[in-house]
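Just below is one structure, and these are the notes that go with it.
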Amino acid sequence: MTRTPSDSRPDPSGSTPPGEETPRPGHSHRHPRAARHRHTRRLSRPRLPRAKRAPPGLPAGIEYHELTATSPDTPTRILCTDYSPERIETQEVGDVAAFLAIHRPSWTQVRWIHVEGLQDQSALRTLAEKYKLHPLAIEDILDRGQRPKLEDYPGEDDLPGRLFVMAHGIQLIENQLVSEPTGFFLGRTTLLSFQHSTCPAIGEIRKRLYSPRSRVRQNDASFLLYVLIDAMVDRYFPILDASSERLESAEDEVLTRPDGLSLHAMHEIKRDLVMIRRSAWPMRELVAQLQRDHHECLSEIAQTYFRDVYDHCVQIIDLIETYREIASAVTETYVSIVSNRTNDIMKVLTVIGTIFIPLTFLAGVYGMNLEMPETHWAPAYPLFWVACLVIAGIMLWRFKRGGWL
Amino acid sequence: MTRTPSDSRPDPSGSTPPGEETPRPGHSHRHPRAARHRHTRRLSRPRLPRAKRAPPGLPAGIEYHELTATSPDTPTRILCTDYSPERIETQEVGDVAAFLAIHRPSWTQVRWIHVEGLQDQSALRTLAEKYKLHPLAIEDILDRGQRPKLEDYPGEDDLPGRLFVMAHGIQLIENQLVSEPTGFFLGRTTLLSFQHSTCPAIGEIRKRLYSPRSRVRQNDASFLLYVLIDAMVDRYFPILDASSERLESAEDEVLTRPDGLSLHAMHEIKRDLVMIRRSAWPMRELVAQLQRDHHECLSEIAQTYFRDVYDHCVQIIDLIETYREIASAVTETYVSIVSNRTNDIMKVLTVIGTIFIPLTFLAGVYGMNLEMPETHWAPAYPLFWVACLVIAGIMLWRFKRGGWL
Amino acid sequence: MTRTPSDSRPDPSGSTPPGEETPRPGHSHRHPRAARHRHTRRLSRPRLPRAKRAPPGLPAGIEYHELTATSPDTPTRILCTDYSPERIETQEVGDVAAFLAIHRPSWTQVRWIHVEGLQDQSALRTLAEKYKLHPLAIEDILDRGQRPKLEDYPGEDDLPGRLFVMAHGIQLIENQLVSEPTGFFLGRTTLLSFQHSTCPAIGEIRKRLYSPRSRVRQNDASFLLYVLIDAMVDRYFPILDASSERLESAEDEVLTRPDGLSLHAMHEIKRDLVMIRRSAWPMRELVAQLQRDHHECLSEIAQTYFRDVYDHCVQIIDLIETYREIASAVTETYVSIVSNRTNDIMKVLTVIGTIFIPLTFLAGVYGMNLEMPETHWAPAYPLFWVACLVIAGIMLWRFKRGGWL
Amino acid sequence: MTRTPSDSRPDPSGSTPPGEETPRPGHSHRHPRAARHRHTRRLSRPRLPRAKRAPPGLPAGIEYHELTATSPDTPTRILCTDYSPERIETQEVGDVAAFLAIHRPSWTQVRWIHVEGLQDQSALRTLAEKYKLHPLAIEDILDRGQRPKLEDYPGEDDLPGRLFVMAHGIQLIENQLVSEPTGFFLGRTTLLSFQHSTCPAIGEIRKRLYSPRSRVRQNDASFLLYVLIDAMVDRYFPILDASSERLESAEDEVLTRPDGLSLHAMHEIKRDLVMIRRSAWPMRELVAQLQRDHHECLSEIAQTYFRDVYDHCVQIIDLIETYREIASAVTETYVSIVSNRTNDIMKVLTVIGTIFIPLTFLAGVYGMNLEMPETHWAPAYPLFWVACLVIAGIMLWRFKRGGWL
Amino acid sequence: MTRTPSDSRPDPSGSTPPGEETPRPGHSHRHPRAARHRHTRRLSRPRLPRAKRAPPGLPAGIEYHELTATSPDTPTRILCTDYSPERIETQEVGDVAAFLAIHRPSWTQVRWIHVEGLQDQSALRTLAEKYKLHPLAIEDILDRGQRPKLEDYPGEDDLPGRLFVMAHGIQLIENQLVSEPTGFFLGRTTLLSFQHSTCPAIGEIRKRLYSPRSRVRQNDASFLLYVLIDAMVDRYFPILDASSERLESAEDEVLTRPDGLSLHAMHEIKRDLVMIRRSAWPMRELVAQLQRDHHECLSEIAQTYFRDVYDHCVQIIDLIETYREIASAVTETYVSIVSNRTNDIMKVLTVIGTIFIPLTFLAGVYGMNLEMPETHWAPAYPLFWVACLVIAGIMLWRFKRGGWL
């Protein structure tokens, strides 16, 4: 028995995953313990991030022979693209074993094998055996909750070193932040990439590869890695944009009509910023390593371009921190405004109350059915009004002097 | 007289320790000063962490001759497992001295001696003398409040160096966080482990050892250490999971029906996160050292796998910090919502009061038994109503204009 | 198709950009997707900073052949200044290609080419080809949201190394912070500078160049760079000055008449400080690198003077942090004062209410039309008054004792 | 004239110092300027820490000839202990000069001279001259406000190097934190220690020295230093224990009966934690240096044991930080609970007020002495009650719907 | 035209500068642009710190020929002190040029030239030319807003290196923090010091120099620098002392009679701590550099003594941080106490209101002039009282049960 990565279970609905690491209910026969249903419906808020749920004590790493899950519903799709500056060819691989048995064409300078959908693990196993992927790396690929990171598996004997890169792209799906982890194995002329679901950005980059003048065609596999990671980092910008728009409109509301502010919306913004930040910081670390550390598989030109991605990451972090500070200033201002308004409201009530409560008492006194000498005294009534006006006047004057009005 | 580690006293109840470092009442004849009873009952909250209670000024370290406590109630259980890739044998050791006098079988590649229950110290003394354990390390093992740490006792003369590792696993026992410190002495072919109470994870790992294909059988003693520490680190995940569920439901309550929020529950969540964090940070430091520093007892492959444990530790810290930020955002939102609601409530009272208090005064005036000309004037009554409506109308219009309604 | 820098679109109004990275509506035929109109009017608050809006997945860097935008409305203006200690000449360059074909005069020690307005990119292309500017650097120049940074493009073959510097000056335009990014390429005898709009400081520095005794004339191109960056850093001081004045008057208001405090103004101050800080920190980093790192294009004397600019940057950061702390202390004091005043107001209402509500009840009782024995008892009325005074006296005495009055 | 260390004045009362660095009133003829009386009595709170009060501009360091204060009231007591593994002797030194003139016995391996009470400085002067103590170190010893620190005075000519160590122990005297600074001069075979007042721990350690089997007897002077500093560090634990108990009971009160919480007590806890932390951090730094840095006077075995003290220091800091976080969570929860209760109270008043104020107005209307047609209409009275019930019902229904009840 | 240091303008009033960097109104003919008058009077609060106000774009550094300001009102006073262990002489320098033309006497080991008052710059110019002071250093000396810093101007050709030190002393003038920047140029046998105004500490140190036994006479110029900086650092202690006293009395007030707390005073304390900290941190950095870095002009013994000054700086920072934490705890406690009191006040009003409002309604009902059957029923009146007592009793019982009383 092995630790269960949360996505080795078939997903009957086949829909896009609604939350980062939400285990989806399934009917996996191997892991009944993980099939925890949640009946409480939370409409719009994404779940809090969770870690993998394998019970403690299971061995780490996934050995090749453990990659046995098969899922006819969501088959794994493998696309292999070979290219050189002059030529490019893409094929969809059906039988992985047969495909890997054939030598790659001699004109190929970079081979990019992209695997989409990791429910059916037989293809993964064949690839892992062929390219001698490390069991810990395989576990990381299958784990949706894995954080972005860089792992250097140094070469042994006949095989050159590999760089294992785990990157995160984020998307907004139905107003929820969904993070799409992607695993890369970078060799000197080969790039393997693994994703849980289909991502349109991959297709667009493949299209760009077909343009013979594009820089990526002129360069090596690490440049292709750069292009893919650049695309993932670029994904943060529209999401930050959406956050900044929500934040701006919240700020407008606080300053113009604080009653209209949806505290829910404000909470969502803060929460989203926490989540984006949680994802962006390790991405920044990852790209910093990629642009700084020397590795046999990373070309110098790719590292120059990674510096550019690093700048974007710094910009993302900077925007997140700026938004967080603004959000915190908005909250502070909101609390000040609300307590100020409570103060104003109390002041009105107190002024009214302080003026009329004594007067009402006075009126109540003369409404008593006791024998009062005043009742028969004609000027009593006008004098009563005079007294009321005098009392109210004194009160108002004191409030004025005290700065309450 | 010597410093008293809190667990060198016999525990008559034999129950699982209810709190991290709570000294349990006992009738130790050697240490009457430590027998402090607490009669105040706190039902569900775990105690705050405390440090060891030995009075200041006693010598540090526990010399071998001081290990004299014997406790027939909770005897020490010692299990010795010898294994090599081909063969494995486990025996429960009754007479430690006799056992240690015999040479280990020649086929053994790793010997793992696991000691459970440290109240009866005679076996501990025999082990300490045989393996020349450092007095300070023995004190650390016996101290329940010891933080995770790594201590390198370099080899002398005939004995190879030892690595002393103090690790923490945490458990939820009756909704209380209990931290189980475990001490390890790692030699080149030997691993000693010491625990205060029986822990099921140890048994499971021993079972895994019996599977001849398991990685741990193929590797050395430091790999066994890795497997044990990995199991302890994995223990944090279900506990974080429980925290995140409580946090999510608190968040739901704040946003949907703030009155229903149990501020107690919120406080417990924050408190638990402080406690888990307090335990997780030094674990991270410990594993960072294990994966980074070179030591003659640590094999390269074990360090590769410790990198994986390190990733888990980073993930744990990251989740804790994320939960703490969310918890703080929830608290902030709660305070905003409550002050907003107070504001709304005040507004209702003020609107009602401001409209009716002057009208009530007016009614009171005409209820007076003074001689008022209006009393005999027929249209006075309808005019009174008109005046009331006009005053109320003006008030309502002003409230409307002021944005209070 | 290429990533669109936000300023490659013609600006029909030709006015100074009202916000840092606000994309201005335009009729660019190449980038219809960027022409997002915002109809919601925000009168005085500047927009939150945004990042570039190019859709994810486009290639980074701008190749020379992509520099094709032409804008007859806001033509690019190029001024070339050649100088040596003895002589100086400035010419406005019309035909860049023709100009660059001619060798620079032999007496020239420094050539400074300043480009203003980047909507018309044909000149930019010619310059980029002549000086072999890096595509990533060109993209940075065209991107208004670029953060200050230093990039070292090492020399190749026949060309000496280049230092690419991106600096920010800030200005207050109609009470809004506008940041003006400027790109520099520093060679050994050449300085290229690129700005989006006309900046008066450039003209003043050119005038200073004409004074033969000025230090800048005696020194090399890196000293000219120093003078330009010094001018940009000096721009922060009047803006901080304005902030400190607004902060001081807010502080005065909080301490003398808290009702008068504009919470809006306070929020604006905090927001502006966040924005200035966001711009100043990377400037400090940039200048720290310039004064510290060795580079073939930076002369020692320029680095001595950059130390002075660095001191100014440290002073700016120090002032910002001081203002932020004061602003936070002001907010804290404001909240304390407001809650104190609410307390005072409540106290008045409570004292009045607590005294008169029971008395009004008593008056109400004797106003009842039930048969009450007291109604026919002569001393009832004076006794009623006595009771009222006694009750009020007791209440007042208790309030006095409780420290409420 | 020289700078006055605060304790060079005779203390007529001879009592234990009531506050950390409180200058006690005295009648020093040399330093009349320091004799500042404080008549304001603060019963239980310890004073805030202060720095030395010598007027600015005096020379630093105390030269030997300036050590002239004599105080017959609190004489200096000097105890000299010589020991080797076999033999130990302690003598109280009366005439320091005569004592120092005699060579130490040949069997002595460690000589420990302990000086208690620093008001009478003549003995100090003799010691300082004999052991060539640095003027700055003497000033530090006499200054009660000195922070823990390590100073290495390298050896010159015939004299080996000295290590000057300033350590802090803390005590609870009448519920007030009192910090007792102790100065040590460590040579290769000599340890000098200086304390302002008698400390029982010193006596206990001297007793331990008399046990021939104790480790300290087997080791050198630096091990004795370790034992003394270990005793000082151990002093923090009971004080932290007391803090944790007060914090736990405050937490209990907040969660069970928030009205009962003594905000004073909570403030004292926070204040004490600030004070303990202020003292513990530099102790940690000090011990870190002692266990890490090489020095000719520090033996390897002592450094191994200092690692143990360092662990204790880390544990102390960790507990302090944990308590501070819990204290902050308790405060947050308290504020939330109080504002929640205010909300509840307001709700009750508002519900009652909103229901009865309009009804009271209605009753007031029909109590008017105007000519009202209703007065002669029989069903008016029951209809009035019906109207009241209907109005109250509608109000209650709305409150119910609004979630106020 | 040159950048204007704020003090190069003649000060007609000649009074002590009232604020740190407040530009004083003057009638400088050279810099009319800086003469900004502020008519708004702020009585006791010091101004916020500002930076220099020179308009952006002026060249940095002040060339010798620009030192032309002359101010007959506040003439520059120059005192030259020559000393060796045996001999000392002080002369007031009238004609600087003539003085500098004469060689220094051969017996002199240290020459200290102290310049007071920098409005008249002709002497400064002569000195700058003689000692080849760097233009940037001259600008720093003239700039009152300059932060403490250390600048090493390495020697050239015939001139040994110079160390330029900018230090800050602070003073309380009329309860306002005033910072007095002082510039030093340290050579091997010469110390130049520059101050804007007369400072008594300088005179005292000169007096100390006349004592032949004083350490400073035995040592070199760097020791004199140490003595001067030590005097400036010592200035912080009485000011911190004053802060701690104000903080203690604020704490007393919060805990004993929170109404009496002057929130203004509390705000001033926080503000002052921000200001002192702002000044103390760079002083600490400066002294850390002086005690750590090697420089040809700094003797070893001076560096040993600078370590002592560094300890004082650390103590100052430590006290500031402790006071800030206490101040923040006091504020927190104040807010808790105030919201607790508001809660108590509301409770009283609510209890009174909730009991009497329904009763008043009841009394109002029976005061109606409608035809009520009860009016003619004799027991109605006593029953009314019974009902009132029952209702009040139920209410009180519920409040009791709810813990409100």
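Read from first to last, the chains carry the letters A, B, C, D and E; within each, the first residue is number 1.
Everything that follows uses one rule, which is that a contact is a pair of C-beta atoms (placed from the backbone, for glycine too) under 8 Å apart; a residue touches a chain by one contact, two chains touch by 3 or more.
What you see is a predicted model; the values in this text were computed from it and never measured.
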item: Common touching chains of chain E and chain B; value: D
item: Fraction-based call for chain C against chain A, same above half, different below; value: different
item: Distance between the centres, which are taken as Cα means, of chain D and chain C, whole angstrom; value: 45
item: Distance between chain centroids, defined by C-alpha means - chain C, chain E (Å); value: 28
item: Residues of chain B touching at least two other chains; value: 335, 339, 342, 346, 349, 353, 357, 360, 364, 367-369, 372
item: Traversal of the chain ring from chain D via chain E; value: D, E, C, A, B
item: Partner chain A, residues of chain C touching it in the complex; value: 42, 45, 47-61, 136, 139-140, 145, 147, 149, 151, 257, 259, 263-264, 266-267, 270-271, 274-275, 278, 331, 334-335, 338-339, 341-342, 345-346, 348-349, 352-353, 356-357, 359-360, 363-364, 366-369, 372, 374-378, 380-381, 384
item: Touching residues (chain side chain D, partner chain B) in the complex; value: 201, 204-205, 208, 214-216, 227, 230-232, 234-235, 237-238, 240-241, 244, 247-248, 251-252, 255, 304-305, 307-309, 311-312, 314-316, 318-319, 322-323, 325-326, 329-330, 332-333, 335-337, 339-340, 342-343, 346-347, 349-350, 353-354, 357-358, 360-361, 364-365, 367-373, 403-404
